[in-house]
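Read from first to last, the chains carry the letters A, B, C, D, E and F; within each, the first residue is number 1.
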Amino acid sequence: MAALTPPENPESDPRVRAVFDDIRATRGTDFINNIWHYLAADPGLLERTWAEIKAVMATPSSLDPLTKELIYLAVSVVNNCEYCVHSHTAQARAKGMTPQQHGEFLQIVALAAKTNVLSNALQLPVDDVFRVEKSGG
Amino acid sequence: MAALTPPENPESDPRVRAVFDDIRATRGTDFINNIWHYLAADPGLLERTWAEIKAVMATPSSLDPLTKELIYLAVSVVNNCEYCVHSHTAQARAKGMTPQQHGEFLQIVALAAKTNVLSNALQLPVDDVFRVEKSGG
Amino acid sequence: MAALTPPENPESDPRVRAVFDDIRATRGTDFINNIWHYLAADPGLLERTWAEIKAVMATPSSLDPLTKELIYLAVSVVNNCEYCVHSHTAQARAKGMTPQQHGEFLQIVALAAKTNVLSNALQLPVDDVFRVEKSGG
Amino acid sequence: MAALTPPENPESDPRVRAVFDDIRATRGTDFINNIWHYLAADPGLLERTWAEIKAVMATPSSLDPLTKELIYLAVSVVNNCEYCVHSHTAQARAKGMTPQQHGEFLQIVALAAKTNVLSNALQLPVDDVFRVEKSGG
Amino acid sequence: MAALTPPENPESDPRVRAVFDDIRATRGTDFINNIWHYLAADPGLLERTWAEIKAVMATPSSLDPLTKELIYLAVSVVNNCEYCVHSHTAQARAKGMTPQQHGEFLQIVALAAKTNVLSNALQLPVDDVFRVEKSGG
Amino acid sequence: MAALTPPENPESDPRVRAVFDDIRATRGTDFINNIWHYLAADPGLLERTWAEIKAVMATPSSLDPLTKELIYLAVSVVNNCEYCVHSHTAQARAKGMTPQQHGEFLQIVALAAKTNVLSNALQLPVDDVFRVEKSGG
């Protein structure tokens, strides 16, 4: 159940159709997942969100695709976004994540959450050596 | 300012000394950053936390060291752990993160936070195709 | 499924009955939504929670009702409270939120989440000009 | 630095004076910590916040004072409220928290944060046996 | 202290200069606050972030400017973004927020945080009447 | 639905069998709840997670078992971990939490969330008296 009723025939709107066509072409599949169906209720928001996802996640860059996906998944886990955890775990698998790598990913996010809590509970002072700006220009 | 006064001469405790020695040996540096000085107030917690950090982050595994560091940093950013953001940004640089990669990391965590909020605000239903368990055994 | 079994006949308790009567009178409807049925397990908590909701949200004040509802919804989205996102999206609609305003609300919370993450990832220093206390008494 | 300039002579307002007097009497000390000085900018908010703190935290109840303080501190740590972590760590010490108990508290909040992340990353289904409502009326 | 050293002469880069000029023109002031100085380290990220802020926050729309600012501030408070809380409290004041409205804003975000926690602690089931999608197309 | 397919016959792996046997012996029940079935996909992670839970939560210590469980539950509520809220509410009941204590727990976590938000919204400066490190060695 969502908090919004998505449009029934989203592609009857040419702006939505253009985005959906680009999603299909970029991903090489006819499948359009739910977030795009719901964002279609606001074509401007749909266009900008897809443009940003495409530019950041579907364009070759200085980080490899699986690393990018795991960073995205880590954020989604901490924010406890159910939809995002499912969709980005699926995408990480599609980009080659092995069960062993998934296990390591889980260990890292769990360990980070743990030391984050320790650091915040102790309100640790930052070491001078980490203060890059001081040593910078 | 921290919420705990760290021990003045932590290495007078042999358990603390052993952990600090292992940190120095593992990292190849004499520098011991603050979190270990404060955790030294509880030698058992110090030992277990270092053992876990060493096993997960300082041992070769199926994910490369920079990817692991960026996953750790992503969690720390979302939890807004000031100490962790500084220390793990420094460690990511030490493991080779370029300014361009830092910029891409920032874009990914910002974009993920954005789509997490959109998904949660819409309470999006998860697509059946992402439900791996259904298609599993 | 909830983590608590709500009382079967909550209004048999006169304290609960009084709160439910006031909810119905204040809202002009016979409908009592789930949170009140569950809080009825602790009449004191029920009374105080409703008194606070009534005073803050159902009393004319210096902010208009839709603005107040959108602030409430923004908090609920970031805390990813499923129940609250649904109930306060419904209430925002009841208070006149148009689909266009909903779209703009989504854009704002998504953008804020994004720049929050950028600011926290960079641990930005606060500009002196924003430090109102310095210029104060 | 705060985001609000607190009133210079808060006790010149009789409503603020009455709350401050009650804080001093309840706690048996002349010291008024910062949150009350800042909330004094809005006497109504000051009155309600103190009344709630007094009723929940400073009144004998079915949970002992230190347990209550540690629950409060756990929430504050996860929300990373700097002010609250400091003030409630101080209050837990004032209520008898030993260094050993502080160490155990840290272990529990760190472990909980870790398994929370694992559970959310796996989107674990809730066991039927935990569904109390099913077995209820 | 930030986790990044900002460029010393950011406006020597024509892309940065163009963004800074647009910020000055849009806001009618020569002042450029810190976030833009730091984002200048990555001109592409600077351009996209400013373009989005300008489109969403500095363009007349179906929500009034103060309501938009308060939604932004509510998100920033829950994410505990220090920089954002200061900058957006300042902007809310610049857009006409009175001390009374600030007090009401504080009450609403505090109350929402409270009922969010109650709802999540009870894992409340969503009322059917809030399930708009069911009654939709 | 989970984001991982758990192994069908987990106890065919002797490492998993050993952990499950220890869970049953420690808890005095044949029931193994879901988190262990899913973590069984990674025996090392299963072993370490159970070892930590057993050491921290199932070993007599300086905090009583119910207090420990309520601290764990408080963290889980704020992180909005559905699985953890259900399982640790059940465990708190098993350790003797009365309905009255549950009501007080709810009040405390709700009040803490509220004052956390107020403190963060005001970015309150920490009182010198809370700065233990200053007065320490």
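Quick note on the criterion: a contact is a pair of C-beta atoms (placed from the backbone, for glycine too) under 8 Å apart; a residue touches a chain by one contact, two chains touch by 3 or more.
No experiment lies behind these values; they were computed from the predicted model shown.
K.L.:
Quick check: more C-beta contact pairs in E-F or D-F?
P.N.:
Counting C-beta pairs in contact, D-F comes out ahead.
K.L.:
Which chain has its C-alpha centroid at the greatest distance from the C-alpha centroid of subunit B?
P.N.:
C
K.L.:
Greatest Cα-centroid separation from subunit E: which chain?
P.N.:
The chain farthest from subunit E, judged by C-alpha centres, is F.
K.L.:
Determine the centre-to-centre distance between subunit A and subunit D, using the mean Cα coordinates as centres, and give it in whole Å.
P.N.:
34
K.L.:
Could you put a whole-Å number on the gap between the CA centroids of subunit C and subunit E?
P.N.:
19
K.L.:
By residue number and range, which residues of subunit C touch two or more other chains?
P.N.:
1-4, 52, 75, 77-82, 85-86, 89, 105-107, 109, 111, 113-118, 120-123, 126, 131-132
K.L.:
Name, in rising order, each residue of subunit E that touches subunit B in their complex.
P.N.:
Against subunit B, subunit E makes touches at 1, 3-4, 41-42, 44-45, 75, 79-81.
K.L.:
Which subunit D residues qualify as touching subunit C in the complex?
P.N.:
Going by the criterion above, the answer is residues 1-6, 8, 48, 52, 126, 131-137.
K.L.:
In their shared complex, at which residues does subunit D touch subunit F?
P.N.:
1-4, 31, 33-35, 38-39, 49, 52-53, 56-57, 61-63, 66-68, 70-72, 74-79, 81-84, 86-87, 89-90, 93, 98, 100-101, 104-105, 107-109, 111-127, 129-132
K.L.:
Tell me, which parts of subunit A touch subunit D in their complex?
P.N.:
Subunit A residues touching subunit D: 77-78, 80, 82, 85-86, 105-106, 109-111, 113-118, 120-123.
K.L.:
Considering the complex alone, what residue numbers of subunit D touch subunit B?
P.N.:
80, 85-86, 89, 99, 102-103, 106-107, 117
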